[in-house]
Amino acid sequence: MDAKEIIARRVAREVRPGSLVNLGIGLPSLVANHLPQGVNVFFQAENGVIGLGARPPEGMEDENLTDAGGGFVTAVPGAASIDSAMSFGLIRGGHLDMTVLGGLQVDARGYLANWMVPGRMVPGMGGAMDLVAGARRVLVAMVHTARGESKIVPECTLPLTATRRVSLIVTELAVIEPTDAGLLLRERGPGVDVETIRAATAAQLITPEDAPEMVLA
Amino acid sequence: MKKALKPAEAAEMIPDGAVLLVGGFMGVGSPHRLIDAILTRGQRDLTIVNNDTAMPDRGVGRLVCAGLVSKVITSHIGLNPVTQQKMIAGEIDVELVPQGTLVERIRAGGVGLGGVLTATGVGTLVAEGKQTIEIDGETFLIEKPIRGDFALLACERADYVGNLEYTLTAHNFNPIMALAGETVIAEPHHIVPLGMIPPDAVKTPGVLVDHLLERAH
Amino acid sequence: MDAKEIIARRVAREVRPGSLVNLGIGLPSLVANHLPQGVNVFFQAENGVIGLGARPPEGMEDENLTDAGGGFVTAVPGAASIDSAMSFGLIRGGHLDMTVLGGLQVDARGYLANWMVPGRMVPGMGGAMDLVAGARRVLVAMVHTARGESKIVPECTLPLTATRRVSLIVTELAVIEPTDAGLLLRERGPGVDVETIRAATAAQLITPEDAPEMVLA
Amino acid sequence: MKKALKPAEAAEMIPDGAVLLVGGFMGVGSPHRLIDAILTRGQRDLTIVNNDTAMPDRGVGRLVCAGLVSKVITSHIGLNPVTQQKMIAGEIDVELVPQGTLVERIRAGGVGLGGVLTATGVGTLVAEGKQTIEIDGETFLIEKPIRGDFALLACERADYVGNLEYTLTAHNFNPIMALAGETVIAEPHHIVPLGMIPPDAVKTPGVLVDHLLERAH
């Protein structure tokens, strides 16, 4: 199983029945593939649909029904189309139960950086700053290291997305919860020991002896 | 009642240097025939306000690539490398705005509010140079209203009063931009006789719309 | 012809074709009866309809289609139903071409008081403060005097509705325009001379020799 | 999916002292069966936020007359003399708010904005005790957000996801209040099976609605 699949399957277990969830593009979007059948979740795409469905069969795409990445989607029964003011009203008004976002760095304060690398990559924040500021739970789904360097750092060196502590960080090596006391190791990745996690993490980590191995969906 | 214009007649109204609010999210729900007509006429020094700069061959991305645009106010340029190249080369001024803040700033401009008080962007690069205000112990950025000389909209149906209906994810910024353009031009897929759109289905009342574009042939 | 009819018929001539107009309850609502046939005007009621029509025939009332006073109305072809946010977005955003309001007092600055008499009558401002702050043109339609006292005063003694100068005051005796220089007599009522107007007006009035008699619709 | 409640079950949820956002404009678009159920149960010390206090025998006016209400936040009490009598007798606290400001304050509460910057009320009694701010040379009042413990809405149709449609002048405050109640209860005229309301017709997405009232018998 590759790192991304581990992450997606672990995040899928955080999705609560009856909730409204926004999945970022890329890795976070994989989460939808691992939900239990029949779980009653509404996915929001910030471009204006509540009740996002799977990709349509070939030839049944509609140019006016896409996700936030521009890909063709369907809508489930009970879906609603909304404009951007309502879409971000839901996000910023605390009506979104959970957002799953990718990350470039998360630091010991639980602050996320995920929208630019100065001088190298400036895509813009899109809806990320609103999502982190407004969603009830903010999950960061990302691989633990990039080019051999830890993405979990003492203090973000990249521009912050928000100064609000994220709820949970899920990587292929660990589930980590930012707390008042610092970053708390909640779970170990499949077959991963605490030493491996410590070695791959630049930030200080609180590591209870009995952190269990993660259960995947 | 409004006479429907040919695209070239509509483009003719727009002078060099105009500020254009353009509906669309990655080109979905953008007024493509109006954009074609502007490309043909070739105005210079335009300011484009849009959720994103789409892709080089799509939506407002084409205006950027054609060199007609000197400034963009947008939340995302990540899928149009030309915008990024021109930004780095100093050929285009890019103001990056969080998506939810962008739509609220346009709404504020359209409904006569003095600005937007938002938690989004507090403590980030977005806050630089901006006034903040503390209300009941919480800090908010004061974000200024945005208005345009023109709002260029796409919609699904219109009647000859100018009432507009939108569909699925082609709503996005269109209904909000309809409030904030000095002159509002709507490009409908269909134009129907008066009385065919029930009052409850109208999302943009015709009093906001100055001109309709004729249907595609 | 009684005073109210004179006022309503004079105000009717201020209604411009193709415009969006809000008529207050009471005297201002009479203006609708005096518009030329076929003039293309949309009336807005602030409770949420654009394209207000006449009272329905007996037995054809709908409990969900009323004006701001709670009276049954109809909707014209091309009407739109809107919520209160859109309704006041139109009013405050400068999209309403004209509002016609009743008045308790107007003063030499052109400021209107029309929402309460302390200790005696406190109905609340309803939409009046928004209308005066936001409409492009604010017309005050009122009888010139009440209980023998002038309603056009040097400075309002009743609580102000707004600190924005109204556009025009229409009474049965005069049409008066507040200007930088003060209150300017524009027209005399039918058969009324300048001396009569002066005598009935507590505020100072600029009275050109050649102020014409008003023409009624 | 939401199970439809009996009126008494819904009223049971509301404790003494609750802040209730109640849709309706002079009783049009008010949840009359919910109001009946509250009258039966007889909660005390309620705060009612509504456009107006309707009439003594209609809408929220009945709650005021029954002595269940200790505070109203409203734009107009002119057609309910009982509200005025109780206000003068010191039995009820009345906060008068301009109608457009009221709807924007509720919207701000619902979409997570820190307040509303408005020109309405500047220089009037409404401005007393409120902070003002100057933006680009213009003065604005800072008006605080409003939220409720409950939002009690009337609507035309609902499905079992909670998607809502409204009709004609029965929209008024309902779609905005749907954003700002901690618990949202909607009273539909009709409840239809899932999939019967097209996504484009949904005005309040079901994710905002906690409970539906069963249909009238």
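When the chains are written out, they are named A, B, C and D in that same order, and each has its own residue count from 1.
By our rule, a residue touches a chain if its C-beta (ideal position, glycine included) is under 8 Å from a C-beta of that chain, and two chains touch if they have at least 3 such contacts.
By chain, with names taken from UniProt: A, C = Acetate CoA/acetoacetate CoA-transferase beta subunit; B, D = Acetate CoA/acetoacetate CoA-transferase alpha subunit.
No experiment lies behind these values; they were computed from the predicted model shown.
Contact with both subunit A and subunit B is made by D. Contact count check for C-D and B-C (C-beta pairs in contact): higher for C-D. Distance from the centre of subunit C peaks at A, each centre being the average of the chain's Cα atoms.
The distance from the centre of subunit A to the centre of subunit C, with each centre set as the mean of the Cα atoms, comes to 55 Å.
Subunit C and subunit D have Cα centroids lying 29 Å from one another. Measuring from the averaged C-alpha position of subunit B to that of subunit C gives a distance of 35 Å. Centre to centre, using the average C-alpha position, subunit B and subunit D are separated by 32 Å. Multi-chain contact residues of subunit D (touching two or more other chains) are listed as 104, 107, 111-113, 118-119, 166-168, 199-200. Contacts with at least two other chains are made by residues 49, 75, 81-82, 85, 88, 92, 134 of subunit A.
Those chain pairs judged to touch are A-B, A-D, B-C, B-D, C-D.
On the side of subunit A, the complex with subunit D involves touching residues 20, 40, 42, 44, 49-51, 75, 77-82, 85-86, 88-90, 92-95, 134.
Across the complex, subunit D meets subunit C through its residues 25-29, 51-52, 74-79, 84, 87, 96, 98-101, 103-104, 107, 118-126, 156, 166-176, 203.
Put simply, subunit B touches subunit D in their complex at residues 104, 108, 111-119, 133, 135-136, 138, 140, 142, 144, 165-168, 199-201.
Contact residues on subunit B toward subunit C in their complex (touch as defined above): 1, 107, 110-113, 159-161, 163, 179-180, 194-195, 199-200, 202, 205-208.
Subunit C contributes residues 45-49, 62-70, 75, 81-85, 88, 91-92, 122-130, 133-134, 159-163 to its touches with subunit D in the complex.
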